[in-house]
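Note that the chains are named A, B, C, D, E and F in the order they appear, and that numbering of residues resets to 1 at the start of each chain.
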Amino acid sequence: MRLIIEPIVRVALLEDLGRAGDITTDAIVPEDTSVEAVIATRQPGIVAGLDAALLAFELIDPTLRIERCCRDGVRVSRGEKVARIAGRARGVLSAERTALNLLSRMSGIATATRALADAIAGTKAKIVCTRKTTPGLRVLEKEAVRHGGGANHRFGLDDAMLIKDNHIALAGGVRPALERARQCAGHLVKVELEVDTLDQLADALEIGIDAVLLDNMTPETMRRAVAMVDGRAITEASGRINLETAPAVAATGVDLISCGWITHSAPILDLGLDIA
Amino acid sequence: MRLIIEPIVRVALLEDLGRAGDITTDAIVPEDTSVEAVIATRQPGIVAGLDAALLAFELIDPTLRIERCCRDGVRVSRGEKVARIAGRARGVLSAERTALNLLSRMSGIATATRALADAIAGTKAKIVCTRKTTPGLRVLEKEAVRHGGGANHRFGLDDAMLIKDNHIALAGGVRPALERARQCAGHLVKVELEVDTLDQLADALEIGIDAVLLDNMTPETMRRAVAMVDGRAITEASGRINLETAPAVAATGVDLISCGWITHSAPILDLGLDIA
Amino acid sequence: MRLIIEPIVRVALLEDLGRAGDITTDAIVPEDTSVEAVIATRQPGIVAGLDAALLAFELIDPTLRIERCCRDGVRVSRGEKVARIAGRARGVLSAERTALNLLSRMSGIATATRALADAIAGTKAKIVCTRKTTPGLRVLEKEAVRHGGGANHRFGLDDAMLIKDNHIALAGGVRPALERARQCAGHLVKVELEVDTLDQLADALEIGIDAVLLDNMTPETMRRAVAMVDGRAITEASGRINLETAPAVAATGVDLISCGWITHSAPILDLGLDIA
Amino acid sequence: MRLIIEPIVRVALLEDLGRAGDITTDAIVPEDTSVEAVIATRQPGIVAGLDAALLAFELIDPTLRIERCCRDGVRVSRGEKVARIAGRARGVLSAERTALNLLSRMSGIATATRALADAIAGTKAKIVCTRKTTPGLRVLEKEAVRHGGGANHRFGLDDAMLIKDNHIALAGGVRPALERARQCAGHLVKVELEVDTLDQLADALEIGIDAVLLDNMTPETMRRAVAMVDGRAITEASGRINLETAPAVAATGVDLISCGWITHSAPILDLGLDIA
Amino acid sequence: MRLIIEPIVRVALLEDLGRAGDITTDAIVPEDTSVEAVIATRQPGIVAGLDAALLAFELIDPTLRIERCCRDGVRVSRGEKVARIAGRARGVLSAERTALNLLSRMSGIATATRALADAIAGTKAKIVCTRKTTPGLRVLEKEAVRHGGGANHRFGLDDAMLIKDNHIALAGGVRPALERARQCAGHLVKVELEVDTLDQLADALEIGIDAVLLDNMTPETMRRAVAMVDGRAITEASGRINLETAPAVAATGVDLISCGWITHSAPILDLGLDIA
Amino acid sequence: MRLIIEPIVRVALLEDLGRAGDITTDAIVPEDTSVEAVIATRQPGIVAGLDAALLAFELIDPTLRIERCCRDGVRVSRGEKVARIAGRARGVLSAERTALNLLSRMSGIATATRALADAIAGTKAKIVCTRKTTPGLRVLEKEAVRHGGGANHRFGLDDAMLIKDNHIALAGGVRPALERARQCAGHLVKVELEVDTLDQLADALEIGIDAVLLDNMTPETMRRAVAMVDGRAITEASGRINLETAPAVAATGVDLISCGWITHSAPILDLGLDIA
């Protein structure tokens, strides 16, 4: 939604324009020169972040004519056109880097998510992201994960409860932690618990829990955990998830596999702007 | 400088806290519980981003006692302590993720930069970053590059002129582009020109130029370019730079090697917060 | 949490100070005059909003000494002291109205909530608020509801799904609406459905639902709805809830009774500032 | 004026949308579904706040077609149409609550003001509001008071001087307080003095004053005060003003009757959005 | 008041620091180098703007020790010390220009105002400023005028009514303009009317008016206007006021002489920072 | 660029509108009254700031029709039309003062710069501005300098290094200062050194430097300095530059003459708005 992403794009543009703006373009390119430009992929992948990227051009120059050649979430091959921008050359060149920075990062996240999702295709498991996102860009990155075929975890500290090891330790155990959580949680707030052992899991199931995060368990233990849960809670696996480890984890029968890598360390998808 | 980074950290915290704040911690951890926490590495690398990361704790709870165990730019081994935070547990837990997101991303950039710098050690070349940074975090990422042993390119479109292929094309050649640039550039503004061919380089040198960006040249062509320049301009190589290709590029005698990868695609450095 | 409420209090103060500040106080009261002031109730009720109200004094003059005489959520009688502020008179007088506006509004909400909660004491039902809050003050008002013994509903459009009559109509029925919701909802997002008839309720229970909002039903129908649900979902009653109607609604066995009145129409609790 | 109210509406919308936006509507309602919606009253009253309410729809989706069926300040009966909004259903539903929260609160203030103004019709007195407004919404609430037939008092601490009991006490009496005020007040700044006794009033009239606030006087004393003033200053009554007490106060001959209740405690006017 | 001026100073500092901060000082001056600096005048005048100027140092580095050697409004000779700042050299140097820009501009305004006020000493007239202030700095400039011995006119379009020639023309004359103004003005809003002729003045006095602006009249006409007013309104002269013309204008008996020059065209007072 | 100047104009407008807006115009001028207005000069000079000034009208009322009669940088005579604005009278009157404040200040700067530039016409020297600009308006003022025929110095502390006397003193001499600067400066950052003596200049030239600031030298010494530099660095003169002194300074052969007066003390160019 534009109301939410516009402040992000505006900050990004102003960060690049600084005080004096694009002094190279303003010096060299006449005000009335027009161009037709194309944003195209330099490698195959999944596109995401188009709304934000194209908004960069619109904010720089509202008279630019912008046309999308594909939608977010689509798989593109190398050299495929993603969008066309036509109009005054100055605006196109001044917005180019900011637009590409947004688009290539989000597309990189979508592409990484898609690869992981494909690696576990055929199982019931789904890939979910974490809160290990780029500061300031969480909304865009969560959306890129969805376009890559993943699902979203919490958007922040306030929209669900996730009781972690430190919470359990400070509360003096799973039981008191869970009881305090239940007491405070609104009726539309779900509660998830990180469990490191099957004993903790047994406690949690006895009290009742919406979801359990099975952290850093071996596939073997995880399988037993899934069996113990037996559909009474959503099961989420986490810890050292990558393309190699994911299939074995998915095979344990967990509902979700969460992965920080897709947002904090995925390489960008290479995209460029070409002037016709 | 705090005046510059505080708005970034504040936005990052508020993005995570949302409207209701850390509902898990507030429900489970009593207001007067104190902890001693340690931020430690989970893998070796170079630390960067400490100012921003520790500011997250201070902004959440100014009564927290914060102690640095190392400085930005230092090489750390696996398990090494980076900082200590002591005080009210609620503040420590609520700021944890934002602080680690900032610290691990900047340390990842510093670590990647360091690796690239080490790969070309012994040559006269230096690694420089680009404008392919994370939207909103450019200041922090440029600093991380310096802590990794790299140097900074332009901070934005306004602090130096970089004449690229599209500018040259729209101006009708290297010569008119350079002349218009010279006419507009203030006396403290340097001008760099992207050259794809040795002919373009010859034109640029004839007119006079502060720096030339040798884009996507073979090592052989690059060597000839460096010879042509003969110290009359700074030479910068760019295009597909990585740990494998960098040494050969450095061996051509260029002054600088610019690399987008270190800011747009470097994996994070894994760091965690442990409660004693 | 201060990071969240400070912007609200700052806007409120600047709205009152305008450009020239408190011209009356600055003209009449010498800069070095000190006072001891007391905030006291003018009528009995429940206190809420102390953090925000006292922050107004701190933001105007950080040297003021502020002491709380009670905590949010406490029942106070007429004339009871709530807080003491001592220091420079100018700051006390300039912050007074903003502080009282915040405190009396939040205390009014807590008092109204408490009255409603008391009216249904002895039943299993709890009072919950709605999104019918004052624009800009939702975080403070939700907290005031908790201090009045109520619980919180959604904080916004993004932290849970509430499928209303218009959604059902546009989706073509309860079933397609619920299915689309289930498909998009993250695993930590609860889904609540507004039902106007027992047929809709039957559909919802068949598909599975976290909570149902029983809107504008007669106590008789509501009782049958609660029986149909039989613990498989949280039940929430809404529509024309007030001190007279609440007991009969609570007697139907619903889990929650939501009420917009406590945030959109509760009168303030009268509080004043007295200088010793 | 839009420049002034847009930031208020924007904050209100973002408070409701949070990070992820309207997840219910986005999941259930297709992007291209169109609706025609009507905002209508659920009870009789005076409409106010239309500019702000309709701006909420425009900011969410600028393509929505918005038509006003009445103007602010008009008396409406139960079920009367206030505005029509047509276009994409998603925007209509996502802006609905914010728009109604603004409209129903401002209409509630206008309705309460109108009732009080009607209660003193036939006298020379006018109803005026106070600074006891909702933090952040003062501009809108002052306008709603005008639409209800009331007049505005100061907009803040900076646009007129109002010397209150505490100022008098700290200055050492009415005389020194007034003299200091006169010395500092610009030539376009009016000075009003709160008087509790006729002696204070006599002092004020001797020195000269623009307006006097007769606080918490009996009608008998107030009548004598009005006689003493004899047109040399504007007279304003305050203290425990409501529908029952206002006529007697107005009958004393005062020019103005100020009332905090109309802004801090008026119940909202019930309005709803119906989809055709 | 700090709450009001801090945003102005913060914007000014960030405008100067840009993205990378003070790169010269950071490169050359070690972090732990301390200095003692003095802000001193380079020419005689009146000091103003000290709060804002010294806040620049505090915002850059809160550990700096700041001591005032004089107060705003004081007449200083050439070479006189205005303030002392001691502590880390980096902060002193980085804030220097912003602080001096604020201080020298405000002191220039105070000095110009003082000169004009001195030129009419012995008459009853006072110098007042206009709304012809620097965009963004009005609050500081209005204060500087007071420190120079002048008084303030309106702070903006909203705190008093000033009916100008265009208003009169569009209303169809002085009489309808004044009547509409009276009808809308709150009881604490003064109304001033710009009159170009004695006929207009007669109309205004007949209806009643708080102040009249005698615009561009000859001293002779102005004298007659003052006589006509005879104390029934405040009289303000405007139009081509400077050190030469002011005494004759003051001699006409007007109460106020307004002058745009003191805020829009006064040269700065030269001040510098010296390191001991 | 609009993205950069809009926040400045918005702050300026809101500063003038305050909370209640233009109460005079709203009271007197009917909503549907239209006017044709002309902005015209009251004295000859150079126009600058048109973008910002006309944006004020557009932000107040986007339906106003705005037509430029000249471009920034053009020399205008007395009474010449600069722009036409037609449409609703209210918007024209409410934006008038803010627009004129911006336009007359920037035109004043351009006019002063032009005069200084004309005074040294025929020499090779160019006029440059300094960082002694109005806090918050630097971008606009730097542009006005260019429209007056001057060139821009640094935009802030971060886009070039300027080593001043205090830096040299704290570093222990020209040599260590320059070496530290060279070590830290990015390859696109120029370094300028302020020199007070020819000995310092000799040191700087030996190490190598992009530009030297010859501060407060006599013409005789400056001439010798220019001869010593002999084209190896840009030479800039500063100190007590005005219309009388500039020609002699320019005659020394320096490349640039920097002058703070044109931004900090230039009188405005008188412009007014006339309604047809």
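FYI, a contact is a pair of C-beta atoms (placed from the backbone, for glycine too) under 8 Å apart; a residue touches a chain by one contact, two chains touch by 3 or more.
Note that the coordinates shown come from a computational prediction; the quantities given were computed from them, not determined experimentally.
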Labels of chains that are neighbours to subunit C and to subunit F: A, B, D, E
Distance-maximising chain from subunit A - centres being C-alpha averages: E
Between A-C and C-D, the pair joined by more C-beta contacts: C-D
Most widely separated chain from subunit B, with each centre as the mean of CA atoms: D
Subunit A-subunit F separation of Cα centroids, rounded to whole Å: 45
Distance between the centres, which are taken as Cα means, of subunit B and subunit A, whole angstrom: 22
Contacts with two or more other chains, residues of subunit A listed in rising order: 15, 17-22, 94, 138, 152, 155-156, 158-159, 162, 189
Chain-level touch network, classified as line, ring, star, complete or other: complete
Contact set on subunit F toward subunit C in their complex: 15, 18-19
Subunit E-touching residues of subunit D, taken from the complex the two chains share: 128, 151-155, 158-160, 162, 186-190, 192, 210-211, 234, 236, 255-256
Residues of subunit D that touch subunit C when the two form their complex: 8-9, 11-12, 15-29, 33, 35, 89, 93-94, 97-98, 100-102, 104-105, 108, 131-139, 155-159, 161-164, 166-167, 169-171, 177, 180-181, 183-185, 189, 261, 264-268, 275
Touching residues on subunit D, where the partner in the complex is subunit A: 10, 13-14, 17-22, 59-60, 94
Footprint of subunit A on subunit F - complex, ascending: 1, 3-4, 138-139, 142, 152, 155-156, 159
